[in-house]
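Pasting the structures here.
One chain, chain A, appears in both complexes that follow, with chain B as partner in the first and chain C in the second.
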Partner chain A sequence: MIAGVRLARRLEVDPRRQNITRLLGAAAGLLLAGLLLLLIGRSPFTILSDSIEAIWSKRGVENVLRQAVPIVMCALGVALSLRMRVWNIGSDGQFLFGAFCALGISINVDAPDPVLLVLMAVAGALGGALWILVPALARAYWGVNEIITTLLLNFVALELIKWASLGFWRDTKSQVTKSTVLVEATLPRMWGFERLSIAVLVPVVITIVLFLVFRATTVGYEIDMIGGNARAARFAGVNVPRRIVTVMLITGSIAGLAGMLQLTGVPGSQAMGEGFSSNFGLSGFIVAALAGAAFAGVPIAGLFIAAMFYAGLVLQTKGLSVYIVLAIYAVVLIGVAIGEVAARYDLVRPRPHHVDVPPSAPAALTPTGPTP
Partner chain B sequence: MPIAVEARSISKSFGGVLCLDDVSLELRAGEVHALLGENGAGKTTLSNILAGIYRADSGSIVIDGVEHSFGSPSQAIAAGIGMVHQHFRLVAPMTVAENLHLGWSKTPTIVTPRKLEASARRLMDEIGLYVDPTARIWQLSVGEQQRVEILRVLARGAKVLILDEPTAVLTAHEAQDLFRVMRQLVASGRTAVFISHKLGEVLEISDRITVLRNSRHIVTRGTAGATPRELARLMTGEEREFSVAEREATGPALLEVEDLCVLNERGMPALRDVTLTVRAGEILGIAGVSGNGQTELAEAICGLRQVGSGHVRIAGSDVTNATTRQVTSLGVGHIPEDRIGVGLVSSASVTNNAIMRHYMTAELAAGRRLKRDASRRFAERMVEAGRVQTRSVDAPAGQMSGGNQQRLVARREAMVSDKVLVAGHPTRGLDVHATQQVQAAMVERRDSGCAVLMISDDLDEVLLMSDRVAVMYEGRVMGVFSRAACDREEIGLLMGGHTTDHIDNVDTAGTVGA
Partner chain C sequence: MIALITNAFLSIVQAAIPASAVVVLAATGAMVNEKVGVLNLGQEGLIGIGAVFTVLAVQVWEIESPWLCLLVGMSAAAVAGTLFAIATVVVRANQVLVGLALTLGGIGLSNQLGTNRNGTPITVVFADLDPAGAFSGNQITEAFFQHDPLAYIAYVFLPLVLWFLFYRTRHGLDLRAVGESPATADATGTPVLTFRMLYTILGCAISGAAGCYMILAFTPTWSQDIARGRGWVALAVVILAAWRPFYVVLGALLYGAMISLDQTTQARNWDLPFLEAKDVSFALAMLPYLVTLIAILVPAGLARIGKRKSARDAPGGLAVPYFREER
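Up next is the complex of A and B:
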């Protein structure tokens, strides 16, 4: 330890302090990333100004917001399940199956656009819920580990989409071979934007609702109790398995709805194929972890990640290797994560002691460790 | 006897709270030295300083004329002081021999199971304490695990062994075994420091007693000639007599259990045709060694365990296999045996723990909306009424001391128990003062017309509190007696499963289901 200074764990973590340490962590991460760039002979300042310029344009803001929608929604679902100590790793699968169900409605139902969109949203949410139903029941009633079941179902969903895009829903008219037909209806644009739909409002609404549910309802209280000590929740009269199933279905439906929003709200994502989800679920997991499963923090962390991803894309077009971009992501994220943990500790200098072991002490009595 | 260790004017504070105030202690070689005091008196802090876990703010530890200030437990043990903690630091899936050698500088670098086993046996021969070295920790009883802990500390050369409330986790029989071990240790010239607040045990095993109160040293005296009453007065600083007048209840039967059969986790019968009745205004004490179906009885009554056959009625209405919430809403409180593990969410605030039974009531909720301000006020009232000491009702419940956590649960459950209170070992782990508080609370419930079912493996407590006593053994009720008709010896025999040939004084209100 440096000059006798040591770490002491704090009893309580002050959230404001934690936000500061997170920012410091991100800054340290960026600094390290800058050194990395210097090492490969690129100017970190040019890269930084290029990134900021790219993000801080109308096109950049649109792109970041659009990409943040699925990430934030998946993250909200994950954060919700984490409040109950349930790990839903399957947002990607629920996202895909939600979009799949919405597309099914679009293909099979003939209705005016607004009606169709509402039906598709319902189908997306139900589809996401359906995709997590079996893991939810298995976890709640037989204690089957949900990490494994939800994760594996991601691959099933991926294969299902592949099958649809190559087989039963394949777009026979288009040149693209691995894609389904296009969706029939799209969401209206946001006022003042060209390539941003009203989908961007949905995660905001869900964040507010979840925040209020946990702040001021008995349901939120019960979920927190299950997360804290499921045996105590049962003792207090909560039907724990039923709550677990309900909450898991809700997390699935949020991810499923995100899939529908992607399908109907993002130009270029109006058909399903292999690249339909770019690991939104996984990014959502990182976002939920960065936000410490606090709902208010999820959109902020989500925007941060989306902006970083967009900057990465722009930098790649400027000739920066994708591996360097990935390394920068990693260094920054690790910085934030360290910042979060750092808030739980204090640096303390122990008071000097006026009694020490004299050097003449018999060997058997000399403490083995170093004396201060 | 020579002095083994001397602690001189030790002071220690945590976050501005003084936990030890100028305390001195002298430990002699070859003695069992009892450290007596209430929860929070400073016993554990003092022993943690001796064992190198905490560093004293001021004062010194002197061994053979050399002053020490330990920076870590390994420094303390190198100087000859080792501690056996209340919660064992053993690795459950590993063998006894492996645990003994874990993290020890004298463990050879290259080991085989056979080598470790042989070395463990050698150690056991040297010390004179035996546990099967090939057994895995999880296979051992709590008493045997404790023996492994003791062996581990002694193997590292401890001359002074500090035992922090060692009997709290032991059965009466295991405690006697431990006492034999302690006598054997001190006979070989070592010192045992015995921390406890159980007066009977302290008088039985110790040679000298040091009493701490409110972080200060009160007295050190020889055990010979000390009386329980005198020690209790020294510990609490006041003289108290606690007695409960026996009452014969004639009120309606509020809790009726009829031919109840219940299985335990392993699918074995835990309750066999148990029939009991508790009337309004009486305390029925369940005497018995832990693990004879008492826990399952409490859980079955409160809707926490599936009933196989038989019936449970609360104030006449059948609640067999009803949900916990249905049972609670009829006015049943339950102080669970494992208060911290079952009755509390340690990470949640005191408020959120206080409202656990009431959060659905009109006072705290409007529909699904939880009234946070009302909840806070509710918790503040509960904390005040239950004399729970906490920084704030917003602080996590797990940050309070164990005694305060217990008080919070006891108070909360007393508040819902309009008709029935089921209390599982309600005073276990509490000091004299807190015990009396909880006992007084149960008497208060009884006097206000509640039926109290009190489970305890402390026969003194059962005989002190109960209006009637039921003895349980292997899931059966061996007999029900009025307190006046209780014969200690007979109850002791029944607790051990010995049926007496004729039981004349069986009370008519409860039937013997054997």
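Up next is the complex of A and C:
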């Protein structure tokens, strides 16, 4: 290979090292995306400066935070199931059905606002869990791949929302509205912000709770053990199927709660229509992958993706389409995936063949690298 | 009453065959990938890429032969598939992540390229087969046989060729070994990475043909987000077809029948005792996905209850990158 350097594979991967290579991969992906933009005749520098200009204002920051709430929530759920190597790609469906259930409560229950909001939050979480129940049971007890089952339910949820917004819950006050009636109660505003509700606190709390559970409890340890080696976990006495069902239900309920928060916490989306979820689940999936399923990294990666998302929305007015943002997501995701593998390799010089090597040849250059 | 039901049945068949052909092609492509152990979640993206490059072939490069347009679309999907194969097979990155990236990138690219072409008609299409007027005139042969040549390829030719290749040749045995247990295949001297590269790219080209089919035969016009979930349904069909070429056709027909059931009831304004006609259509729109889901769950559940080792399991090496050093 090049200049006598070759790749040697590591048997063990240092997670810290993997975090670095993952970020490097994402950065390389962004760089490549910039080059591609240059190729199609758009200046990445103008786009970058326009984006920063759009984000770097009070309004911009508030909007990014608002976008980040559903994205980070979905990502936390995905990250939680990823710890067990369960791929939940159905956050969008759980998000939508959670919001659907919350809206159902708002329509059918007559209660003072605080009580109603609590009921709606419970309904949202339960709805999200219900939406993932069948894939969870099928995965845990029948070994059915959860990627496809959770994804198919996304489309069912989308059609259900369409039905609700054009059919049984449609706002009939005007002939032109293509959405459901408005929710009865909204979350209080966050102190010091204009367009931000206290919904923004929820992902922070969930992040801390998940972080602590995985840092300090047996349950978290058992879940990580299932992710590391499900067979070994079973022999160690962990009830693997039950853990899988529990964790997947929690995953779904976090996404469902996110749907309820979106419905009650964001001005302008207090009714459900076709565009209610702008692919928050998919963005959440990318965030979880970017963070390597580490809970502390999820909010940071989530803010980054939310900022990109918001910049994409703003730049639409300047002739850049959301499709380009999708393509940039794709390149970043490939960068992350490749970065993750890169951590498993060392660049080494092969062991010299001649005997007349100076005795000072450092031992660190041996092909195997340090073994932990 | 009987005439009414026959009529409805025939119109469902007539609509279901082209509607399912899209899913047949995408699912066949995905199955070819999975046979060699590569899980390709990028079907939606590949359909989009195949479709948009077919549109470009017709409208920009003004190619007049539908076969050449098909070739353009499939080649574009093969190029995307090569990138996917390099990332997953050579670099051995996580197949789920790269597959999702292919879906995102494919949707982004195809929508970007098709931005100003929404609804523009496509002039180059495959004509329906009607040798010497044998099919036209009779309602039954029209519904079952009067379709374009690409549908014949998807339903008959391609499954036949793949079945023969997989189950009747030495090469096919090696190929399945690469998917089931790459380490064993490697030990017998089968070049695992070459097989995986080759059949990943081939599968992606076939999936791309699903997009070409949408433009050249199914709905001769471009619309944004053209795949609309068909790629995901195709991946589900591969599972319920237990990775077998002809079962893929049947699984896809199930989906297509649900889609055209929806269209037929809509066209005839049928209602149910407990639902108005407009609500029937909303409810039926969920059916293709629900039926596919149930079709996956029921056999898996029955196999588990029967406690027998299922012959319907996925290839053993599916979605696992192969490292010779870790054999």
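Note that in this section the second predicted complex is superposed on the first by the 273 of 372 C-alpha atoms of A that agree within 3 Å, B and C clash if a C-alpha of one lies under 4 Å from a C-alpha of the other, contacts with A are read in each partner's own complex, and residues count from 1 in each chain.
The criterion applied here is as follows: a contact is a pair of C-beta atoms (placed from the backbone, for glycine too) under 8 Å apart; a residue touches a chain by one contact, two chains touch by 3 or more.
These numbers come from a predicted model, not from an experiment.
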Which of chain B and chain C A:Asn239 touches, first, second, both or neither: first
Partner chain(s) touched by A:Phe295 [first = chain B, second = chain C, both, neither]: neither
First, second, both or neither for A:Ala216, with chain B first and chain C second: first
First (chain B), second (chain C), both or neither touched by A:Leu160: second
Partner chain(s) touched by A:Phe100 [first = chain B, second = chain C, both, neither]: neither
Partner chain in contact with A:Val134 - chain B first, chain C second, else both or neither: second
Touch list for chain B against partner chain A, complex: 55, 57-58, 60, 63-64, 66-72, 74-75, 78-80, 105, 304, 323-325, 328, 334, 336, 341-348, 352, 355-357, 359-360, 365, 368-370, 372, 395-396, 399
Partner chain B, residues of chain A touching it in the complex: 11-12, 215-221, 224-225, 228-229, 231-237, 239, 350-351, 353-358, 361-362, 364-372
Residues on chain C engaged by chain A in the complex (per definition of touch): 41, 87, 91-94, 96-98, 100-102, 104-109, 111-112, 115, 229, 232-233, 235-236, 239, 278-279, 282-283, 285-286, 289-290, 292-293, 296-297, 300-301, 303-304, 314, 321, 323, 325-326
Chain C-touching residues of chain A, taken from the complex the two chains share: 9, 87, 89, 134, 138, 141-145, 147-149, 151-153, 155-156, 159-160, 162-163, 166-168, 282, 285-286, 289, 321, 323-331, 333-334, 336-338, 340-341
